[in-house]
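Chain IDs A, B, C and D follow the sequence of writing; residue 1 opens each chain.
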Amino acid sequence: MDHTANEMMTIAAARPLRNEDVCFVGIGAPSAACNLARLTHAPDITLIYESGTIGTKPDILPLSIGDGELCDTALTTVPVPEMFRYWLQGGRVTLGFLGGAQIDRFANLNTTVVGPYDAPKVRLPGGGGAPEIASSCGEIFITMALSPRGFVDGLDFITSTGHGEGGDHRQRLGMKTKGPTKVITDMCIMEPDPETKELTVVSIHPGVTREQITEACGWPIRFAGEVVDTPAPTAEELTTLRDLQERTRRAHAA
Amino acid sequence: MARLTSLAEAIEENVRDGDSVTMEGFTHLIPFAAGHEVIRQQRKHLTLYRMTPDLIYDQMIGMGCADKLVFSWGGNPGVGSLHRLRDAVERGWPHQLEIEEHSHAAMANAYDAGAANLPFAMFRGYIGADLAKVNPNIRQITCPFTGETLAAVPAIRPDVAIIHALKADKKGNVLLEGIVGVQKEAVLAAKRSVVTVEEIVEDLGAVSPNAIILPTWTVTAIAEVPGGAHPSYAHGYYKRDNAYYKAWDPIARERDTFLAWMKDNVLDKGPDAYARYARGA
Amino acid sequence: MARLTSLAEAIEENVRDGDSVTMEGFTHLIPFAAGHEVIRQQRKHLTLYRMTPDLIYDQMIGMGCADKLVFSWGGNPGVGSLHRLRDAVERGWPHQLEIEEHSHAAMANAYDAGAANLPFAMFRGYIGADLAKVNPNIRQITCPFTGETLAAVPAIRPDVAIIHALKADKKGNVLLEGIVGVQKEAVLAAKRSVVTVEEIVEDLGAVSPNAIILPTWTVTAIAEVPGGAHPSYAHGYYKRDNAYYKAWDPIARERDTFLAWMKDNVLDKGPDAYARYARGA
Amino acid sequence: MDHTANEMMTIAAARPLRNEDVCFVGIGAPSAACNLARLTHAPDITLIYESGTIGTKPDILPLSIGDGELCDTALTTVPVPEMFRYWLQGGRVTLGFLGGAQIDRFANLNTTVVGPYDAPKVRLPGGGGAPEIASSCGEIFITMALSPRGFVDGLDFITSTGHGEGGDHRQRLGMKTKGPTKVITDMCIMEPDPETKELTVVSIHPGVTREQITEACGWPIRFAGEVVDTPAPTAEELTTLRDLQERTRRAHAA
């Protein structure tokens, strides 16, 4: 089966999710990936949305972080202060998903402003839950399409901290969690180098070349010593994802 | 004891020019009808608090109600930007909007601290994040036992909180269910509160012993406005109108299409216009 | 994922000599059966946390399980003293008991802080009160915005929390309803948790969307012990046995009547002895 | 109708309660007084017990602060941390009821120890909610039987602060609430002197003499310039109270 780059990204993000994971899910690609994992290899995965829904099993993808579908299918729904206090800060979330307008080589993210903060060229939506998701979850996956505008050599604003300035900076800031362990793009998967924490390509999606990746990244991207080929989507993965998205499209159009 | 009244009177009596106002609702139960009434009554110089400004604040900001916005995520969920918010921030239209920006965790804790009558909230947050550099209301506090440094923000204590709830009984006790967000905290943190509800019933009926209920003596005014959360939704009554959220994007992109829409759909209408979105309508 | 097991195994695996242990339940849902199992397994040198020690801690202290008690109100509610607690504090029998004393507000906030993974709790408390002079774990913190001084206490983070709940489903999700006290916080604050329930059901059925549920992945072990809260009670199952509370007073006054009662009613019995208090039994 | 001193105390404590009050109720005499007020002149009074029950209307008096009757008849029941954070500290309670083993002339209370804290002669139950009830409620009523052992000239331990050392001490400690405004005993009602805050007899119950009060109080008690006679219990008050206590007795014996 043919697949799009975006489908590959979602499927690649779904694969490493485990049945035992408790995931803090954002809207968009993370939500698709988490629910794809739930509908394929990780049926008991626990999905949490910051609107307070715990253990939700939506039949369609929510448009917003608080669609009724999330509450209707949840084990329980808690107030938002409790969500951030007992569940996120409480250290109950094993895996958080983030995206952003811009990312740098140490997986720091910007979703706040392009240009100066006080006179922005583009005013982005802001951090929302991201600053504390980045520090409180056991580890972080990031999904973003690879582009020079998104993968930049220096952020205008650090909305949420990945590996800071690299190396052991995260620990020096007092964080005990792993931070970003994977960046899943539409062209490849990157992981932080074990020492420097600089993002490094470890897996390349089918049909993509190293040159395309280098061109699409705003900094001189490094490749790991051993780079593997991302397995192409299986028929089950693709069918499940497309069915989910078709159900979603029909429901939101109604 | 809450006063059962009309929406127009509730806003007239409780929202004043220059007030700090929070209108909460985390996707669910956003008080659109009440926001439109504030616009119709031409309130000015408001300081608006809301974690996720959403379309209702885009509309209020575009109509010039607000001098300042305190928020943590300002987008059209799943769709894109809030164009009126951006126009105000980036180009000062209809006038300059001051912003004070936080994270969700900060604001959720700040509402909690407000409800708890504390002067500030503390949490483990903003580590390595630039927001702490541009917002002087993000400070630090040191644990007197471990020496750990934590983030501190002021409690939110607005003049008035406005929320939409499912139902109230005739005494004015208010029931919230489903995604309850920070609305209980917002009401308890505020000096005054206005609650719109889907329906006013004789009594709240068989609810869980731990149901989320605001007793009548914690609420100032209640107005029955069926459908009043539309295009947000009311658990068990009607669903979120996702198509409206998508349709808002092109309307809000330009000032003239925005103003024309507001005239037709808000200024020339009243709370009754929401009835068609209510259950069974 | 919670393990469904017997009470004996749950205590065997999760409560160790020298542990810090909290067994909560605010009048309602006090885990008596679990406490008796701890006594039967002769755990020693425990640090016990509980807002209202109640009869179960009177029994555990009298049987020598505890080295230290952290509490805020130590009486037999509506009846009088806890004689075994007083004997330990005033006369060191069966051995000296160290106490760390707080107010209810302090402990409730400290559990909340534990669940929230904070190192300490702050609140407006202990103003002018002597407890702050005798408890070095009561400190002060200054608001970085207003300069107000607030009280601070360490978060409660016990090794193990033990509670009694209404039901669990087969996956191990636990439902609490009624007077829920600080039990959810206690479980979320602890490293491990043991939950006894009135019944294990296929699924929890039609509950409120905001029902107080501990997901299975927050609980270590669950044991079905019908009647296991007696003489405390279980909402919708059986009532508080107020006569037992009154009868305890003369039993606990003297060491020999106490020891004889414990032999007959605890040491020589098992969790099955609770079945007769369960609903319909 | 004849009445006991204890009945007079409960009835005198019930009378000043208002329909608009939100009362934080303790077990024993306060609970009887609050429910008597609810069953007579203040049917809409809001009763809160620290177990988390809000707006409770028990048909019988609870033995403990968390009897099932309180939850069954409540408007709603909240977790205990919320009770202390949003409701008590939140400033939502207009009136708190306290009692104690010992009280001094400035209405400070001791429910902790008799004798030194580290080597107590009598170990009392402790403060429970009292330290923060005393500071957070709009005002405080205290009910205690008058006796030399209870009304003492100097406390061994201040569990909860009344008027501290008297005068404006409460304000100097940073408290903005009124503190104790009435002490209702089985012989008389005392109120703090407007200036010195020393407890002063303002009303004497039927059949009690000034000499009896002076003898029963552990410090040289003062009488206000104008001392009134406490009206004797009405038939309605007495009947309602006795019915309540009889229902309670039967229920707890069952």
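The definition used in the following text is that contacts are C-beta pairs under 8 Å (C-beta built on N, C-alpha and C of every residue); 3 or more make two chains touch, one makes a residue touch a chain.
Given the structure is predicted, the values throughout are model-derived calculations rather than measurements.
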Given chain B and chain D, the chains that contact each of them: C
Interface with more contacting C-beta pairs, comparing A-B to A-C: A-B
Gap in Å, rounded to a whole number, between the CA centres of chain D and chain C: 28
Averaged-CA centre spacing for the pair chain D and chain A, given as whole angstrom: 57
Chain A and chain C, separation of their C-alpha mean positions in angstrom: 40
Chain A, residues touching no fewer than two other chains: 71, 77, 85, 89
Residues within chain C bordering two or more other chains: 112, 116-118, 123-124, 148, 178, 180, 185, 209-212, 235
Interface residues, chain D side, partner chain C - complex: 27-28, 50-53, 62-68, 70-71, 77, 79-81, 83-85, 88-89, 108, 112, 117-118, 120, 122-123, 125-132, 135-136, 157-161, 164, 169-170, 173-175, 252-254
Complex interface listing, chain C residues touching chain B: 116-120, 122-124, 137, 139-141, 143-146, 148, 150, 152, 154, 177-178, 180, 207-212, 235
Chain C residues within the chain D interface of the complex: 26-28, 51-52, 71-75, 77-79, 81-82, 85-86, 89-90, 101, 103-105, 108-109, 111-112, 123-131, 134, 148-149, 178-182, 184-185, 212, 233, 235, 239-240, 242-243, 245-246
Touching residues on chain B, where the partner in the complex is chain D: 1, 112, 115-118, 173, 185, 188, 209-213, 215, 217-218
Touch list for chain A against partner chain C, complex: 20, 22, 46, 54-55, 71-72, 74-78, 85-86, 89-92
